[in-house]
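Chain naming follows the written order as A, B and C, and within any one chain the residues start at number 1.
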Amino acid sequence: MDLLYILDMIGTGAFAASGAFAGIRRGMDLLGVLVLGLVTATGGGTIRDILLGDFPPFCLKDESYLYLSILVGILVFALHRRMGFIRYPLLYFDAIGLGTFVVIGTTKAIDFQLGGLSAVLLGTMTATAGGVLRDILSSRVPLILRREIYATCCLAGGALLVGLHNVGAPVILSSVLAAVLVILVRLLAIQYDWALPRARSVE
Amino acid sequence: MDLLYILDMIGTGAFAASGAFAGIRRGMDLLGVLVLGLVTATGGGTIRDILLGDFPPFCLKDESYLYLSILVGILVFALHRRMGFIRYPLLYFDAIGLGTFVVIGTTKAIDFQLGGLSAVLLGTMTATAGGVLRDILSSRVPLILRREIYATCCLAGGALLVGLHNVGAPVILSSVLAAVLVILVRLLAIQYDWALPRARSVE
Amino acid sequence: MDLLYILDMIGTGAFAASGAFAGIRRGMDLLGVLVLGLVTATGGGTIRDILLGDFPPFCLKDESYLYLSILVGILVFALHRRMGFIRYPLLYFDAIGLGTFVVIGTTKAIDFQLGGLSAVLLGTMTATAGGVLRDILSSRVPLILRREIYATCCLAGGALLVGLHNVGAPVILSSVLAAVLVILVRLLAIQYDWALPRARSVE
(Lines give C-alpha, C1' and ligand atoms only; values in the text may rest on other atoms or scores of the structure.)
Protein backbone atom coordinates (compact mmCIF):
# COMPACT_ATOMS: atom_id res chain seq x y z
CA MET A 1 0.00 0.00 0.00
CA ASP A 2 2.97 2.29 0.61
CA LEU A 3 4.15 1.78 -2.97
CA LEU A 4 0.64 2.65 -4.19
CA TYR A 5 0.74 5.91 -2.19
CA ILE A 6 4.12 6.83 -3.71
CA LEU A 7 2.85 6.07 -7.22
CA ASP A 8 -0.28 8.08 -6.41
CA MET A 9 1.87 11.08 -5.46
CA ILE A 10 4.01 10.73 -8.61
CA GLY A 11 0.82 10.69 -10.69
CA THR A 12 -0.62 13.66 -8.80
CA GLY A 13 2.54 15.67 -9.39
CA ALA A 14 2.63 14.76 -13.10
CA PHE A 15 -1.05 15.65 -13.60
CA ALA A 16 -0.58 18.94 -11.72
CA ALA A 17 2.39 19.79 -13.95
CA SER A 18 0.42 19.02 -17.13
CA GLY A 19 -2.45 21.20 -15.91
CA ALA A 20 -0.11 24.03 -14.98
CA PHE A 21 1.62 23.90 -18.39
CA ALA A 22 -1.81 24.07 -20.02
CA GLY A 23 -2.55 27.21 -18.00
CA ILE A 24 0.72 28.82 -19.09
CA ARG A 25 0.10 28.00 -22.77
CA ARG A 26 -3.25 29.76 -22.44
CA GLY A 27 -1.65 32.89 -21.00
CA MET A 28 -3.22 32.60 -17.55
CA ASP A 29 -1.97 34.43 -14.46
CA LEU A 30 -0.46 32.66 -11.43
CA LEU A 31 -3.85 31.86 -9.92
CA GLY A 32 -5.22 30.35 -13.13
CA VAL A 33 -2.10 28.19 -13.49
CA LEU A 34 -2.46 26.90 -9.92
CA VAL A 35 -6.19 26.23 -10.34
CA LEU A 36 -5.68 24.29 -13.58
CA GLY A 37 -2.89 22.26 -11.94
CA LEU A 38 -5.02 21.53 -8.87
CA VAL A 39 -8.12 20.62 -10.88
CA THR A 40 -6.21 18.36 -13.28
CA ALA A 41 -4.53 16.51 -10.41
CA THR A 42 -7.46 16.12 -8.02
CA GLY A 43 -10.62 16.53 -10.13
CA GLY A 44 -10.95 12.90 -11.21
CA GLY A 45 -10.69 11.43 -7.71
CA THR A 46 -13.03 14.10 -6.36
CA ILE A 47 -15.76 13.28 -8.89
CA ARG A 48 -15.27 9.57 -8.13
CA ASP A 49 -15.72 10.18 -4.39
CA ILE A 50 -18.82 12.34 -4.97
CA LEU A 51 -20.41 9.59 -7.11
CA LEU A 52 -19.57 7.01 -4.43
CA GLY A 53 -20.98 9.26 -1.70
CA ASP A 54 -17.67 9.21 0.19
CA PHE A 55 -17.39 12.64 1.85
CA PRO A 56 -15.28 14.67 2.13
CA PRO A 57 -13.40 13.65 -1.05
CA PHE A 58 -9.91 12.15 -0.69
CA CYS A 59 -7.99 15.41 -1.23
CA LEU A 60 -9.92 17.20 1.53
CA LYS A 61 -9.19 14.29 3.90
CA ASP A 62 -5.46 14.13 3.11
CA GLU A 63 -4.29 17.62 2.19
CA SER A 64 -0.94 16.32 0.87
CA TYR A 65 -2.59 16.13 -2.56
CA LEU A 66 -3.49 19.82 -2.40
CA TYR A 67 -0.08 20.95 -1.14
CA LEU A 68 1.77 18.85 -3.73
CA SER A 69 -0.39 20.15 -6.61
CA ILE A 70 0.04 23.77 -5.57
CA LEU A 71 3.79 23.34 -5.06
CA VAL A 72 4.18 21.79 -8.51
CA GLY A 73 2.06 24.58 -10.00
CA ILE A 74 4.28 27.25 -8.43
CA LEU A 75 7.44 25.50 -9.67
CA VAL A 76 6.05 25.23 -13.20
CA PHE A 77 4.95 28.87 -13.14
CA ALA A 78 8.34 30.10 -11.92
CA LEU A 79 10.61 27.85 -13.96
CA HIS A 80 8.64 26.84 -17.04
CA ARG A 81 11.04 28.45 -19.49
CA ARG A 82 13.88 26.37 -18.06
CA MET A 83 11.77 23.20 -17.87
CA GLY A 84 11.85 22.10 -21.51
CA PHE A 85 13.90 19.10 -20.40
CA ILE A 86 10.98 17.89 -18.25
CA ARG A 87 8.54 17.61 -21.16
CA TYR A 88 9.64 14.19 -22.28
CA PRO A 89 9.99 12.49 -18.84
CA LEU A 90 6.65 14.06 -17.93
CA LEU A 91 4.92 11.77 -20.42
CA TYR A 92 6.23 8.78 -18.46
CA PHE A 93 5.16 10.18 -15.09
CA ASP A 94 1.80 11.01 -16.62
CA ALA A 95 1.41 7.41 -17.81
CA ILE A 96 2.32 6.17 -14.31
CA GLY A 97 -0.38 8.46 -12.90
CA LEU A 98 -2.90 7.17 -15.41
CA GLY A 99 -2.27 3.53 -14.49
CA THR A 100 -2.25 4.22 -10.76
CA PHE A 101 -5.43 6.30 -10.81
CA VAL A 102 -7.31 3.64 -12.81
CA VAL A 103 -6.32 0.96 -10.30
CA ILE A 104 -7.20 3.11 -7.26
CA GLY A 105 -10.54 4.20 -8.71
CA THR A 106 -11.66 0.79 -9.94
CA THR A 107 -10.65 -0.88 -6.67
CA LYS A 108 -12.51 1.70 -4.60
CA ALA A 109 -15.67 1.26 -6.71
CA ILE A 110 -15.47 -2.53 -6.24
CA ASP A 111 -15.05 -2.01 -2.48
CA PHE A 112 -18.22 0.12 -2.56
CA GLN A 113 -20.10 -2.86 -4.10
CA LEU A 114 -20.68 -1.26 -7.50
CA GLY A 115 -21.25 -3.46 -10.56
CA GLY A 116 -18.47 -4.28 -13.02
CA LEU A 117 -19.31 -1.71 -15.69
CA SER A 118 -19.71 1.03 -13.07
CA ALA A 119 -16.34 0.12 -11.54
CA VAL A 120 -14.61 0.33 -14.93
CA LEU A 121 -16.25 3.68 -15.67
CA LEU A 122 -15.35 5.09 -12.24
CA GLY A 123 -11.76 3.90 -12.59
CA THR A 124 -11.50 5.58 -15.98
CA MET A 125 -13.14 8.72 -14.63
CA THR A 126 -10.64 8.85 -11.77
CA ALA A 127 -7.84 8.98 -14.32
CA THR A 128 -9.43 11.24 -16.94
CA ALA A 129 -12.04 13.57 -15.38
CA GLY A 130 -9.39 15.95 -14.04
CA GLY A 131 -8.21 16.57 -17.59
CA VAL A 132 -11.81 16.98 -18.75
CA LEU A 133 -12.39 19.63 -16.06
CA ARG A 134 -9.13 21.36 -17.08
CA ASP A 135 -10.34 21.53 -20.69
CA ILE A 136 -13.84 22.71 -19.70
CA LEU A 137 -12.31 25.48 -17.57
CA SER A 138 -10.19 26.44 -20.59
CA SER A 139 -13.33 26.43 -22.76
CA ARG A 140 -12.06 23.64 -25.03
CA VAL A 141 -13.63 20.42 -26.18
CA PRO A 142 -12.02 17.89 -23.81
CA LEU A 143 -8.95 16.25 -25.31
CA ILE A 144 -10.20 12.71 -24.61
CA LEU A 145 -13.26 13.37 -26.77
CA ARG A 146 -11.15 14.60 -29.65
CA ARG A 147 -8.16 12.37 -30.21
CA GLU A 148 -6.00 9.50 -29.15
CA ILE A 149 -6.99 6.49 -27.15
CA TYR A 150 -6.18 8.22 -23.89
CA ALA A 151 -9.29 6.90 -22.17
CA THR A 152 -9.39 3.60 -24.01
CA CYS A 153 -6.31 2.28 -22.22
CA CYS A 154 -7.98 3.21 -18.90
CA LEU A 155 -11.10 1.28 -19.85
CA ALA A 156 -8.94 -1.73 -20.79
CA GLY A 157 -7.04 -1.60 -17.50
CA GLY A 158 -10.24 -1.21 -15.48
CA ALA A 159 -11.88 -4.12 -17.33
CA LEU A 160 -8.84 -6.33 -16.71
CA LEU A 161 -8.93 -5.47 -13.00
CA VAL A 162 -12.65 -6.20 -12.68
CA GLY A 163 -12.20 -9.48 -14.60
CA LEU A 164 -9.33 -10.62 -12.39
CA HIS A 165 -11.29 -9.61 -9.29
CA ASN A 166 -14.27 -11.69 -10.47
CA VAL A 167 -12.14 -14.82 -10.92
CA GLY A 168 -10.64 -14.29 -7.47
CA ALA A 169 -7.08 -13.36 -8.45
CA PRO A 170 -4.86 -11.93 -5.69
CA VAL A 171 -5.35 -8.17 -5.27
CA ILE A 172 -1.67 -7.25 -5.60
CA LEU A 173 -1.21 -9.24 -8.78
CA SER A 174 -4.40 -7.86 -10.40
CA SER A 175 -3.48 -4.30 -9.49
CA VAL A 176 0.02 -4.57 -10.91
CA LEU A 177 -1.17 -6.22 -14.12
CA ALA A 178 -3.93 -3.63 -14.66
CA ALA A 179 -1.62 -0.69 -13.98
CA VAL A 180 1.08 -2.10 -16.28
CA LEU A 181 -1.50 -2.65 -19.04
CA VAL A 182 -2.67 1.00 -18.84
CA ILE A 183 0.89 2.36 -18.76
CA LEU A 184 2.11 0.13 -21.60
CA VAL A 185 -0.82 0.86 -23.93
CA ARG A 186 -0.51 4.55 -23.15
CA LEU A 187 3.18 4.66 -23.98
CA LEU A 188 2.70 2.56 -27.12
CA ALA A 189 -0.14 4.86 -28.19
CA ILE A 190 2.17 7.87 -27.86
CA GLN A 191 4.98 6.03 -29.66
CA TYR A 192 2.90 4.87 -32.63
CA ASP A 193 0.30 7.63 -32.61
CA TRP A 194 -2.68 5.27 -32.34
CA ALA A 195 -6.21 6.59 -32.75
CA LEU A 196 -9.72 5.23 -32.59
CA PRO A 197 -11.96 5.14 -35.70
CA ARG A 198 -13.81 8.35 -36.40
CA ALA A 199 -17.32 8.54 -37.88
CA ARG A 200 -17.85 10.43 -41.09
CA SER A 201 -20.24 13.26 -40.27
CA VAL A 202 -23.87 13.01 -41.40
CA GLU A 203 -24.27 16.75 -41.91
CA MET B 1 -44.49 1.42 -11.93
CA ASP B 2 -43.62 -1.09 -14.68
CA LEU B 3 -44.95 1.29 -17.32
CA LEU B 4 -42.86 4.09 -15.81
CA TYR B 5 -39.73 1.91 -16.07
CA ILE B 6 -40.47 1.15 -19.74
CA LEU B 7 -41.02 4.84 -20.50
CA ASP B 8 -37.81 5.60 -18.59
CA MET B 9 -35.88 3.18 -20.81
CA ILE B 10 -37.43 4.64 -23.98
CA GLY B 11 -36.39 8.10 -22.83
CA THR B 12 -32.89 6.91 -21.92
CA GLY B 13 -32.45 5.33 -25.35
CA ALA B 14 -33.72 8.45 -27.14
CA PHE B 15 -31.46 10.76 -25.12
CA ALA B 16 -28.47 8.46 -25.71
CA ALA B 17 -29.18 8.53 -29.46
CA SER B 18 -29.41 12.33 -29.52
CA GLY B 19 -26.12 12.60 -27.61
CA ALA B 20 -24.41 10.10 -29.93
CA PHE B 21 -25.65 11.97 -33.04
CA ALA B 22 -24.24 15.18 -31.54
CA GLY B 23 -20.86 13.46 -31.13
CA ILE B 24 -20.89 12.29 -34.76
CA ARG B 25 -21.77 15.78 -36.04
CA ARG B 26 -18.76 17.11 -34.14
CA GLY B 27 -16.41 14.57 -35.74
CA MET B 28 -15.66 12.65 -32.54
CA ASP B 29 -14.19 9.17 -32.44
CA LEU B 30 -16.07 6.11 -31.11
CA LEU B 31 -15.23 6.86 -27.50
CA GLY B 32 -16.38 10.48 -27.71
CA VAL B 33 -19.66 9.38 -29.31
CA LEU B 34 -20.27 6.85 -26.52
CA VAL B 35 -19.39 9.36 -23.79
CA LEU B 36 -21.72 12.01 -25.21
CA GLY B 37 -24.53 9.44 -25.49
CA LEU B 38 -23.97 8.23 -21.93
CA VAL B 39 -23.74 11.71 -20.46
CA THR B 40 -26.84 12.97 -22.28
CA ALA B 41 -28.88 9.96 -21.15
CA THR B 42 -27.77 9.69 -17.52
CA GLY B 43 -26.33 13.12 -16.60
CA GLY B 44 -29.59 14.71 -15.50
CA GLY B 45 -30.64 11.94 -13.14
CA THR B 46 -27.11 11.72 -11.76
CA ILE B 47 -26.99 15.42 -10.89
CA ARG B 48 -30.46 15.10 -9.30
CA ASP B 49 -29.32 12.21 -7.12
CA ILE B 50 -26.15 14.06 -6.09
CA LEU B 51 -28.21 17.11 -5.04
CA LEU B 52 -30.59 14.84 -3.12
CA GLY B 53 -27.66 13.06 -1.44
CA ASP B 54 -28.86 9.69 -2.75
CA PHE B 55 -25.70 7.65 -3.40
CA PRO B 56 -24.72 5.93 -5.57
CA PRO B 57 -26.78 7.65 -8.31
CA PHE B 58 -29.53 5.63 -10.03
CA CYS B 59 -27.43 4.52 -13.02
CA LEU B 60 -24.71 3.07 -10.80
CA LYS B 61 -27.35 1.16 -8.82
CA ASP B 62 -29.15 -0.22 -11.90
CA GLU B 63 -26.57 -0.64 -14.66
CA SER B 64 -29.28 -1.23 -17.31
CA TYR B 65 -29.16 2.52 -17.97
CA LEU B 66 -25.43 2.33 -18.70
CA TYR B 67 -25.67 -0.76 -20.90
CA LEU B 68 -28.61 0.65 -22.87
CA SER B 69 -26.88 4.01 -23.45
CA ILE B 70 -23.65 2.36 -24.63
CA LEU B 71 -25.53 -0.06 -26.88
CA VAL B 72 -27.49 2.79 -28.48
CA GLY B 73 -24.25 4.75 -28.89
CA ILE B 74 -22.58 1.83 -30.69
CA LEU B 75 -25.60 1.37 -32.98
CA VAL B 76 -25.68 5.05 -33.87
CA PHE B 77 -21.93 5.06 -34.49
CA ALA B 78 -22.07 2.00 -36.74
CA LEU B 79 -25.27 2.75 -38.63
CA HIS B 80 -25.72 6.52 -38.54
CA ARG B 81 -25.52 6.95 -42.30
CA ARG B 82 -28.42 4.54 -42.72
CA MET B 83 -30.39 6.03 -39.83
CA GLY B 84 -31.85 9.12 -41.47
CA PHE B 85 -35.28 7.50 -41.13
CA ILE B 86 -34.92 7.55 -37.31
CA ARG B 87 -34.51 11.32 -37.05
CA TYR B 88 -38.20 12.14 -37.12
CA PRO B 89 -39.48 9.38 -34.77
CA LEU B 90 -36.58 10.25 -32.47
CA LEU B 91 -38.23 13.60 -31.73
CA TYR B 92 -41.25 11.71 -30.34
CA PHE B 93 -39.15 9.35 -28.24
CA ASP B 94 -37.17 12.34 -27.01
CA ALA B 95 -40.41 14.09 -25.96
CA ILE B 96 -41.51 10.91 -24.14
CA GLY B 97 -38.16 10.91 -22.33
CA LEU B 98 -38.57 14.55 -21.42
CA GLY B 99 -42.02 13.99 -19.87
CA THR B 100 -40.97 10.82 -18.07
CA PHE B 101 -37.79 12.31 -16.63
CA VAL B 102 -39.66 15.39 -15.34
CA VAL B 103 -42.20 13.20 -13.54
CA ILE B 104 -39.54 10.87 -12.07
CA GLY B 105 -37.34 13.75 -10.91
CA THR B 106 -40.11 15.89 -9.44
CA THR B 107 -41.66 12.90 -7.65
CA LYS B 108 -38.32 11.86 -6.17
CA ALA B 109 -37.65 15.40 -4.90
CA ILE B 110 -41.11 15.49 -3.27
CA ASP B 111 -40.38 12.10 -1.66
CA PHE B 112 -37.17 13.60 -0.27
CA GLN B 113 -39.25 16.35 1.41
CA LEU B 114 -37.95 19.22 -0.72
CA GLY B 115 -40.05 22.37 -1.14
CA GLY B 116 -42.22 22.96 -4.21
CA LEU B 117 -39.87 25.21 -6.15
CA SER B 118 -36.93 22.89 -5.47
CA ALA B 119 -38.96 19.91 -6.67
CA VAL B 120 -39.87 21.67 -9.93
CA LEU B 121 -36.25 22.69 -10.50
CA LEU B 122 -34.94 19.18 -9.78
CA GLY B 123 -37.54 17.64 -12.10
CA THR B 124 -36.52 20.03 -14.87
CA MET B 125 -32.85 19.36 -14.19
CA THR B 126 -33.43 15.60 -14.43
CA ALA B 127 -34.75 16.12 -17.94
CA THR B 128 -32.37 18.81 -19.17
CA ALA B 129 -29.01 18.63 -17.34
CA GLY B 130 -27.79 15.70 -19.46
CA GLY B 131 -28.13 17.87 -22.56
CA VAL B 132 -26.40 20.74 -20.78
CA LEU B 133 -23.45 18.48 -19.89
CA ARG B 134 -23.36 17.24 -23.52
CA ASP B 135 -23.10 20.84 -24.74
CA ILE B 136 -20.49 21.79 -22.13
CA LEU B 137 -18.37 18.77 -23.14
CA SER B 138 -18.71 19.93 -26.76
CA SER B 139 -17.68 23.47 -25.70
CA ARG B 140 -20.98 25.03 -26.82
CA VAL B 141 -23.38 27.32 -25.03
CA PRO B 142 -26.06 24.86 -23.84
CA LEU B 143 -28.99 24.64 -26.24
CA ILE B 144 -31.58 25.29 -23.53
CA LEU B 145 -29.95 28.65 -22.79
CA ARG B 146 -30.07 29.66 -26.45
CA ARG B 147 -33.39 28.78 -28.00
CA GLU B 148 -36.76 27.16 -27.82
CA ILE B 149 -38.84 26.52 -24.79
CA TYR B 150 -37.23 23.14 -24.23
CA ALA B 151 -36.92 23.67 -20.48
CA THR B 152 -40.10 25.72 -20.14
CA CYS B 153 -42.36 22.74 -20.81
CA CYS B 154 -40.45 20.82 -18.14
CA LEU B 155 -41.01 23.62 -15.63
CA ALA B 156 -44.73 23.65 -16.49
CA GLY B 157 -45.02 19.87 -16.06
CA GLY B 158 -43.14 19.93 -12.78
CA ALA B 159 -45.29 22.79 -11.46
CA LEU B 160 -48.48 20.93 -12.41
CA LEU B 161 -47.23 17.83 -10.61
CA VAL B 162 -46.33 19.76 -7.44
CA GLY B 163 -49.69 21.56 -7.53
CA LEU B 164 -51.66 18.32 -7.91
CA HIS B 165 -49.58 16.73 -5.15
CA ASN B 166 -50.36 19.66 -2.83
CA VAL B 167 -54.12 19.33 -3.37
CA GLY B 168 -53.86 15.58 -2.72
CA ALA B 169 -54.63 14.27 -6.21
CA PRO B 170 -53.93 10.56 -6.84
CA VAL B 171 -50.28 9.93 -7.75
CA ILE B 172 -50.98 8.00 -10.97
CA LEU B 173 -53.34 10.67 -12.31
CA SER B 174 -50.97 13.54 -11.45
CA SER B 175 -48.03 11.75 -13.03
CA VAL B 176 -49.88 11.01 -16.26
CA LEU B 177 -51.24 14.57 -16.54
CA ALA B 178 -47.83 16.14 -15.89
CA ALA B 179 -46.06 13.85 -18.37
CA VAL B 180 -48.70 14.46 -21.04
CA LEU B 181 -48.43 18.23 -20.52
CA VAL B 182 -44.65 18.15 -21.03
CA ILE B 183 -44.87 15.91 -24.10
CA LEU B 184 -47.71 17.93 -25.69
CA VAL B 185 -46.11 21.33 -25.18
CA ARG B 186 -42.80 19.97 -26.42
CA LEU B 187 -44.34 18.58 -29.62
CA LEU B 188 -46.39 21.73 -30.20
CA ALA B 189 -43.27 23.83 -29.67
CA ILE B 190 -41.46 21.83 -32.36
CA GLN B 191 -44.48 22.02 -34.67
CA TYR B 192 -45.01 25.76 -34.36
CA ASP B 193 -41.44 26.80 -33.59
CA TRP B 194 -42.32 28.59 -30.34
CA ALA B 195 -39.72 30.66 -28.57
CA LEU B 196 -39.47 32.69 -25.37
CA PRO B 197 -38.97 36.48 -25.49
CA ARG B 198 -35.37 37.60 -25.84
CA ALA B 199 -33.95 40.74 -24.23
CA ARG B 200 -32.41 43.37 -26.45
CA SER B 201 -28.78 43.60 -25.38
CA VAL B 202 -27.61 46.59 -23.36
CA GLU B 203 -24.13 46.58 -24.87
CA MET C 1 -26.17 35.75 12.94
CA ASP C 2 -29.12 37.79 11.70
CA LEU C 3 -26.75 40.36 10.23
CA LEU C 4 -24.91 37.55 8.45
CA TYR C 5 -28.19 36.35 6.92
CA ILE C 6 -29.00 39.87 5.68
CA LEU C 7 -25.52 40.24 4.18
CA ASP C 8 -25.93 36.77 2.64
CA MET C 9 -29.17 37.89 0.96
CA ILE C 10 -27.57 41.13 -0.30
CA GLY C 11 -24.74 39.08 -1.79
CA THR C 12 -27.16 36.56 -3.31
CA GLY C 13 -29.15 39.36 -4.95
CA ALA C 14 -26.01 41.05 -6.28
CA PHE C 15 -24.62 37.81 -7.69
CA ALA C 16 -28.00 36.96 -9.28
CA ALA C 17 -28.08 40.41 -10.90
CA SER C 18 -24.54 40.03 -12.29
CA GLY C 19 -25.44 36.60 -13.70
CA ALA C 20 -28.67 37.92 -15.23
CA PHE C 21 -26.84 40.87 -16.86
CA ALA C 22 -24.34 38.38 -18.30
CA GLY C 23 -27.25 36.43 -19.82
CA ILE C 24 -28.69 39.58 -21.38
CA ARG C 25 -25.32 40.61 -22.84
CA ARG C 26 -25.15 37.17 -24.49
CA GLY C 27 -28.59 37.55 -26.07
CA MET C 28 -30.28 34.82 -24.05
CA ASP C 29 -34.03 34.44 -23.66
CA LEU C 30 -35.87 34.85 -20.32
CA LEU C 31 -35.12 31.32 -19.18
CA GLY C 32 -31.41 31.60 -19.93
CA VAL C 33 -31.23 34.90 -18.03
CA LEU C 34 -32.93 33.33 -14.99
CA VAL C 35 -30.73 30.23 -15.09
CA LEU C 36 -27.53 32.28 -15.28
CA GLY C 37 -28.72 34.45 -12.38
CA LEU C 38 -29.65 31.41 -10.29
CA VAL C 39 -26.43 29.56 -11.01
CA THR C 40 -24.23 32.58 -10.31
CA ALA C 41 -25.98 33.23 -6.99
CA THR C 42 -26.28 29.69 -5.64
CA GLY C 43 -23.67 27.63 -7.54
CA GLY C 44 -20.75 28.31 -5.20
CA GLY C 45 -22.56 27.37 -2.00
CA THR C 46 -24.06 24.31 -3.68
CA ILE C 47 -20.66 22.97 -4.76
CA ARG C 48 -19.33 23.66 -1.23
CA ASP C 49 -22.19 21.68 0.33
CA ILE C 50 -21.70 18.78 -2.11
CA LEU C 51 -17.98 18.61 -1.27
CA LEU C 52 -18.82 18.69 2.46
CA GLY C 53 -21.46 15.97 2.00
CA ASP C 54 -24.16 18.23 3.48
CA PHE C 55 -27.40 17.31 1.65
CA PRO C 56 -29.59 18.79 0.40
CA PRO C 57 -27.49 21.92 -0.36
CA PHE C 58 -28.35 25.15 1.48
CA CYS C 59 -30.57 26.60 -1.28
CA LEU C 60 -32.75 23.49 -1.41
CA LYS C 61 -33.14 23.64 2.39
CA ASP C 62 -34.02 27.35 2.50
CA GLU C 63 -35.77 28.24 -0.75
CA SER C 64 -35.48 32.01 -0.06
CA TYR C 65 -32.21 31.91 -2.02
CA LEU C 66 -34.00 30.47 -5.06
CA TYR C 67 -36.95 32.89 -4.89
CA LEU C 68 -34.68 35.91 -4.44
CA SER C 69 -32.43 34.91 -7.35
CA ILE C 70 -35.37 34.34 -9.69
CA LEU C 71 -37.04 37.60 -8.63
CA VAL C 72 -33.85 39.57 -9.28
CA GLY C 73 -33.45 37.81 -12.63
CA ILE C 74 -36.99 38.80 -13.68
CA LEU C 75 -36.41 42.42 -12.60
CA VAL C 76 -33.15 42.62 -14.53
CA PHE C 77 -34.77 41.04 -17.59
CA ALA C 78 -37.73 43.43 -17.52
CA LEU C 79 -35.94 46.64 -16.59
CA HIS C 80 -32.34 46.23 -17.72
CA ARG C 81 -32.46 49.12 -20.17
CA ARG C 82 -33.50 51.43 -17.34
CA MET C 83 -31.02 49.95 -14.90
CA GLY C 84 -27.80 51.62 -16.03
CA PHE C 85 -27.81 53.50 -12.72
CA ILE C 86 -27.49 50.19 -10.82
CA ARG C 87 -24.22 49.17 -12.49
CA TYR C 88 -21.97 51.14 -10.20
CA PRO C 89 -23.66 50.36 -6.85
CA LEU C 90 -23.80 46.73 -7.98
CA LEU C 91 -20.01 46.52 -7.70
CA TYR C 92 -20.34 47.36 -3.99
CA PHE C 93 -23.09 44.84 -3.36
CA ASP C 94 -21.04 42.28 -5.29
CA ALA C 95 -18.03 42.96 -3.05
CA ILE C 96 -20.24 42.56 0.03
CA GLY C 97 -21.41 39.21 -1.35
CA LEU C 98 -17.85 38.14 -2.00
CA GLY C 99 -16.78 38.88 1.58
CA THR C 100 -19.87 37.31 3.12
CA PHE C 101 -19.66 34.13 1.03
CA VAL C 102 -15.97 33.66 1.88
CA VAL C 103 -16.70 33.94 5.60
CA ILE C 104 -19.72 31.61 5.45
CA GLY C 105 -17.90 28.99 3.37
CA THR C 106 -14.66 29.01 5.34
CA THR C 107 -16.52 28.86 8.66
CA LYS C 108 -18.67 25.95 7.51
CA ALA C 109 -15.60 24.02 6.33
CA ILE C 110 -13.93 24.59 9.73
CA ASP C 111 -17.10 23.37 11.46
CA PHE C 112 -16.91 20.22 9.31
CA GLN C 113 -13.37 19.59 10.68
CA LEU C 114 -11.55 20.18 7.39
CA GLY C 115 -7.89 21.23 7.41
CA GLY C 116 -6.80 24.85 7.01
CA LEU C 117 -5.95 24.78 3.30
CA SER C 118 -9.20 22.95 2.48
CA ALA C 119 -11.19 25.51 4.47
CA VAL C 120 -9.58 28.41 2.59
CA LEU C 121 -10.22 26.70 -0.76
CA LEU C 122 -13.85 25.93 0.10
CA GLY C 123 -14.43 29.50 1.28
CA THR C 124 -13.01 30.84 -1.97
CA MET C 125 -15.05 28.34 -3.96
CA THR C 126 -18.22 29.42 -2.17
CA ALA C 127 -17.61 32.97 -3.42
CA THR C 128 -16.30 32.22 -6.91
CA ALA C 129 -17.63 28.88 -8.22
CA GLY C 130 -21.02 30.39 -9.13
CA GLY C 131 -19.28 32.79 -11.50
CA VAL C 132 -17.20 29.94 -12.88
CA LEU C 133 -20.35 27.92 -13.62
CA ARG C 134 -21.91 31.02 -15.23
CA ASP C 135 -18.90 31.33 -17.55
CA ILE C 136 -18.83 27.60 -18.34
CA LEU C 137 -22.55 27.71 -19.23
CA SER C 138 -21.77 30.68 -21.49
CA SER C 139 -18.89 28.72 -23.05
CA ARG C 140 -16.23 31.19 -21.91
CA VAL C 141 -12.97 30.72 -20.10
CA PRO C 142 -13.94 31.61 -16.51
CA LEU C 143 -13.19 35.22 -15.66
CA ILE C 144 -11.23 34.36 -12.51
CA LEU C 145 -8.79 32.34 -14.62
CA ARG C 146 -8.26 35.22 -17.00
CA ARG C 147 -7.84 38.45 -15.13
CA GLU C 148 -7.93 40.44 -11.97
CA ILE C 149 -7.29 39.27 -8.46
CA TYR C 150 -10.95 38.39 -7.97
CA ALA C 151 -10.17 35.08 -6.29
CA THR C 152 -6.98 36.24 -4.62
CA CYS C 153 -8.81 38.52 -2.20
CA CYS C 154 -11.05 35.55 -1.29
CA LEU C 155 -8.00 33.40 -0.58
CA ALA C 156 -6.54 36.18 1.59
CA GLY C 157 -9.79 36.55 3.55
CA GLY C 158 -10.14 32.81 4.02
CA ALA C 159 -6.51 32.50 5.18
CA LEU C 160 -7.00 35.33 7.68
CA LEU C 161 -10.12 33.64 9.05
CA VAL C 162 -8.38 30.26 9.42
CA GLY C 163 -5.38 31.93 11.07
CA LEU C 164 -7.55 33.83 13.57
CA HIS C 165 -9.52 30.65 14.27
CA ASN C 166 -6.29 28.74 14.96
CA VAL C 167 -5.11 31.32 17.52
CA GLY C 168 -8.53 31.23 19.20
CA ALA C 169 -9.79 34.70 18.28
CA PRO C 170 -13.51 35.38 18.91
CA VAL C 171 -15.67 34.19 16.00
CA ILE C 172 -17.47 37.51 15.47
CA LEU C 173 -14.25 39.51 15.36
CA SER C 174 -12.53 37.04 12.98
CA SER C 175 -15.54 36.98 10.68
CA VAL C 176 -15.81 40.76 10.49
CA LEU C 177 -12.07 41.21 9.90
CA ALA C 178 -11.98 38.54 7.17
CA ALA C 179 -15.05 39.93 5.40
CA VAL C 180 -13.73 43.48 5.57
CA LEU C 181 -10.37 42.35 4.16
CA VAL C 182 -12.04 40.66 1.15
CA ILE C 183 -14.33 43.64 0.48
CA LEU C 184 -11.54 46.22 0.85
CA VAL C 185 -9.05 44.39 -1.38
CA ARG C 186 -11.79 43.78 -3.94
CA LEU C 187 -12.80 47.46 -4.08
CA LEU C 188 -9.15 48.60 -4.17
CA ALA C 189 -8.48 46.11 -6.99
CA ILE C 190 -11.34 47.61 -9.00
CA GLN C 191 -10.19 51.15 -8.19
CA TYR C 192 -6.55 50.63 -9.13
CA ASP C 193 -7.00 47.85 -11.69
CA TRP C 194 -4.65 45.42 -9.94
CA ALA C 195 -3.62 42.20 -11.64
CA LEU C 196 -1.51 39.15 -10.84
CA PRO C 197 1.71 38.38 -12.75
CA ARG C 198 1.18 36.50 -16.00
CA ALA C 199 3.60 33.89 -17.36
CA ARG C 200 5.12 34.43 -20.78
CA SER C 201 3.94 31.53 -22.90
CA VAL C 202 6.39 28.77 -23.79
CA GLU C 203 4.81 28.12 -27.17
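Heads up, the rule we're going with is that a contact is a pair of C-beta atoms (placed from the backbone, for glycine too) under 8 Å apart; a residue touches a chain by one contact, two chains touch by 3 or more.
The structure presented is a predicted model; accordingly, all values stated were derived computationally and were not measured.
Enquirer: On the document's contact criterion, could you list the chains that touch chain A and likewise touch chain C?
Expert: B
Enquirer: How would the chain A/chain B interface be labelled, same or different, where same requires over half of its residue numbers to be shared?
Expert: Chain A vs chain B: different; shared/all numbers falls short of half.
Enquirer: Could you grab the centroid distance between chain A and chain B? Build each centroid from C-alpha atoms only and quote it in angstrom.
Expert: About 30 Å, centre to centre.
Enquirer: Return the residues of chain A touching two or more other chains; collapse runs of consecutive numbers into ranges.
Expert: Residues 50, 53, 136, 139 of chain A touch two or more partner chains.
Enquirer: In the complex formed with chain C, which residues of chain B make contact?
Expert: Where chain B meets chain C, its residues are 50-53, 112, 114-115, 117-118, 121-122, 132, 136, 139-142, 144-147, 149, 151-152, 195-203.
Enquirer: Where on chain A is chain C touching in the complex?
Expert: Of all residues in chain A, those touching chain C are 21, 23-33, 35-36, 46, 50, 53, 55-57, 60, 63, 66-67, 77, 80-81, 84, 136-139.
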